[in-house]
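Each structure below appears as structure tokens.
Shared between the two complexes below is chain A, which has chain B as its partner in the first and chain C in the second.
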Partner chain A sequence: MRWMTLYARSRQVPRSLFVALASVALACLLWAVFSDDPTVSDRLMTTSVMLGAAVLGLTLGTVDEELNRPAAHHWPRRRALHLLLALGVLVALALATRLGPAHFEPFPVVLRNVVGLLGLTALGAVVLGPDLSWLGAAVWTLIGVLPFSGPSPDVLTQAATWTVQTSGTTAATVCAAVLAVAGATAYTFYGCPERAA
Partner chain B sequence: MRTVRAADIAPQTYRWSIEARNLTVKAGRHQAVNGLDLSLGIGVHGLLGANGAGKTTLMRCLATVIQPAGGELSLLGAEVSRGSRLRGIRRDLGYLPQAFGYYPRFTVREFVEYVAWLKETPAQDIPGAVQRAVERVGLEAKADAKMKSLSGGMLRRAGIAQAIVNDPAVLLLDEPTVGLDPEQRLDFRDLLRTLGVESCLLVSTHLVEDVAAACTDVVMIHEGRTAWTGTPEELAAAGADSAPGDSPTERGYATVLGRYREQAVR
Partner chain C sequence: MTSLNRIIGIETRRSGVVPVALLVAVPAAALMIASTSYYDGRWLRLAVAVRTVLQLALPLVVGGGAWLGMREHRHHLGELLASTPRPRAGRIRPLAIGLAGLVAAAYLAGFAAGMPFVLGRAGYFPVATLSLTAVGALSLVAAGWLGLAAGRALPRLIVIPVLVVLTAGLTGIGPMLVHDSSFDVDSVPPALWLTPVWTFTVQDFETVTGRIGLLQTIALLGLAATGLLLASVGRRGIAPALVPAVAGLAGAALLLPATSGAALADDARALVPRCTDAGPSVCVIAVHDYQLDEITAPAQQVLTRLTVVPGAPTRAAETMMDDRSGLPVTGPADTISFTDAYATYRSDEGFSVAAFQQGLADQAFAPDCDVSTIEDDYYLGVAVVGAWLAGAGSLLEPHPDDNFGDRTVLIWGPDEIDQADRAIQALRALPEARQTALVGQVWTMTRTCRPEAMAALMALGKA
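Up next is the complex of A and B:
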């Protein structure tokens, strides 16, 4: 699979995979050292997931969009596959934490955050380009991990701080699902913006 | 060895490789190409025009990087707006952008190979096609050097190599001679003449002497419209003695453009 190697290298996929892995490992390590609770706090988990989504977001575009865009193959299919693989990597990393002393749990919350933040990153890649694709996810994560954010009965607050709501909070789940669908659809059909040199 | 495929000897079923009718293309909000008509067949066509005449926007549209805003555009006999035909067109398209990005740690060979893959060249043909493209631009000594180590002229030649790797039927070169030294430019003109025997080349340039030396036709555009078409000889003959320029072709360029501007004002 020669083309896959070239594709991955031109988008610096190895570097991004390494940083995503390091981000999750560091979160678990810190938690294991400083806490007796085996479940990593939702704030730290979310920040770690956001970092993972952000570095994988960098691989959504390329430095030579001008040469890549008129490619003969079916780009939408490849873009969707790329996004699915990124999702798979993040979910696998989150599940892998269960093998260590500090876990990313509960799974529905982890999955919601992974899906939502990756969708938001994909949306960022379409609107702002790959280099700034992390911006939206970073800002929204920041809002969630602020000291005064947390589980709330108010629906608007639930949506605004969806990353730190408990499992089964409808507004948070809907928010993540909307971001995921919007991001995946936009990226699949439009890809990153091409810029005239 | 390269085998002859059925597609190589199939008769062509269209008259013009590039055919545009009343084409409009936007660069941002600006209407850079504004009602342009173009019919180009096999041969080397030089695209001349002042800065901002719409050359690069036209090239990007013909390369299917950006969509036309209006009018009709057919490449190799197929309408570009019809998505189902687009992939087939793109396989036979080569494009050298005015400026292109590249992954700096690719070697020249890997860079050209990646583009061959983008053009869906069959896997078994890729190593041979890459080697041939690299040799044609005279970069074989640098084939395994990293892209980031190349000089400006070498980068340009690597860009030309990626554009011709799939033996395109339509080849679009935007400012290909920028950064080439005089000797390389002569080699490049030879390459143009060879490629122009069996494919349709559109070469955008500011260098009038390149057009005079290597092109079979000249298309001059001004403010997004076709201002003049003809042969380089006709262009040279059109030059008034009083027009600015140091060669007959340069005087022809100045005269024709000046005349078109006057008409446009009226």
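Up next is the complex of A and C:
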């Protein structure tokens, strides 16, 4: 337990959890105040989920990876568990919105976006390090929420704007699944890049 | 000055300014190339499209600025630099100038990526294009400097994604959701004109008034000055540094129009007709000059066939759409009116000549009376006349210049298409003189509001 506490504190997990919670709560609050529709706009939902994935992405590494690695721990298992817990947090937050007046729905779309964006963030952590791990997810999400992005019959557009495609859009689901698998695999086995102290 | 330029160059290369600018330029250019149908051949639309892409660029530049602003803290240099005699303002200036120059250049790169699709095609250049572009570039400078200040004030990595999302929400997503829940432009709060991200719908023949450019410039200059000051000054300077932003936003708020719609006005120069030099006259409005080459031949084909009908229109001209009926505003009796040909008859597959010609026939044979008394058969008859004017043997037959079939037949069921095709074939089987006489008869009867004229035409297919 002590190890868990130290691990979470070294990666500033509490602060990230608070921001992820605040992001979802603020999106729901604003939607509940300004709209009569109980389902939060997909653009607002996606952006809120992206911020959740982004701040949890900051916890994927620590200030000194080089110092961490030689520790006698099975890091791949711990990294996979970390990622799974992050996924669990985001899914739980999305499901918790059902208790309030504004919901993140439909669930398959929310789950697809959570899984895909978290995978992309994990991939970012492997390539750019935890500090900028969120960059790819932010850029892709912001492209998806542009006014001229939206559900489209064109497969390329569906992939480019997968975060705002409707439930059951194959290209969007495949895109999210590929990002999730690639991100989870790369992060589990390689972790964040080592940096000098 | 040379020394400062050298330092700016070094700062720009060594800091993260170049990646920040690339982060804007590359997606902006890619998005512009992917959405050419929105603006091709039209300068103002190009400027508006790049301003729409600000919804992506502004948050990224704020985030990038914050990343640069926390550079000293990230590398634990705060104490070291605090002990040097060079004031902070002097240290931050080269970075701020480099950032401003490159993000403005990145914005212009987005504009430049769209230029090949407009340059050489557009025959009309609205001056507002320049102000829209300048304000867009200025907004990125302000965003970068505000980001620098935020990064310096709150040097925590978690701040950056939060800033990115807050900026996106405030400047783009929020206003867009307000638009989505509004019935028309005037039900949208005029305050939405304060955001540099373009969120309004603008018609090709409209322009944005100079007042909007002015108020946005005032607001952005104030915000940029505050951003630069906050990034440069010490604790005591924070309150005075906020003055330009407050003054700029207050000044801009005073200039806001009473209604959102008042910010857009018809551009008289965009509405000047441009006509063909040879053959039956075909005209478009100046801003659609680039369409004239493609629509002239199909329109002239219809007009030429119509010359055999006494009193029928001899020219075709683009007009505005009637907001209530959704049909073109009718002009003189000798003119077939049509609205923006590309907006109406062009899809991802290209411009549908057949559908355009059918549209001209619909308009030429529009009943000159209360349309609520007209039955569906009448419009099927017009489809028959349209096919005859275009030289088509069937409603399903595409025009030779089209590689796809669309005579707007989707509105008809298989039985109706079959009925119309039989009528077309029977009409074409008649002697030429009889064909023109019959079409002329239909034309005359529609002028006197006797829609039963079509019955004679459709009866041909039943015989």
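The rule is simple: the second predicted complex is superposed on the first by the 195 of 197 C-alpha atoms of A that agree within 3 Å, B and C clash if a C-alpha of one lies under 4 Å from a C-alpha of the other, contacts with A are read in each partner's own complex, and residues count from 1 in each chain.
Criterion: a contact is a pair of C-beta atoms (placed from the backbone, for glycine too) under 8 Å apart; a residue touches a chain by one contact, two chains touch by 3 or more.
What you see is a predicted model; the values in this text were computed from it and never measured.
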So, does A:Val55 touch the first partner chain B, the second partner chain C, both, or neither? second
Would you sort A:Leu44 into first (chain B), second (chain C), both or neither based on which partner it touches? second
Doubly contacted chain A residues - partners chain C and chain B: 12
Chain B contact footprint on chain A (complex, rising order): 2-3, 6-7, 9-10, 12, 62-74, 194, 196-197
Would you tell me which residues of chain A are touching chain C in their complex? 12, 15-16, 19, 23, 34-35, 41, 43-44, 47-48, 50-51, 54-55, 58, 131, 134-135, 138-139, 142-143, 145-148, 154, 160
Chain A partner contacts - residues on chain B that touch it in the complex: 27, 56-57, 60, 63-66, 87-88, 90-91, 93, 95, 97-103, 105-106, 110, 113-115, 117-120, 123, 126, 162
In the complex, the residues of chain C that touch chain A are 23, 27, 31, 34-35, 38, 52-53, 55-56, 59-60, 63, 157-158, 161-162, 164-165, 168-169, 172-173, 176-177, 180-181, 199, 348
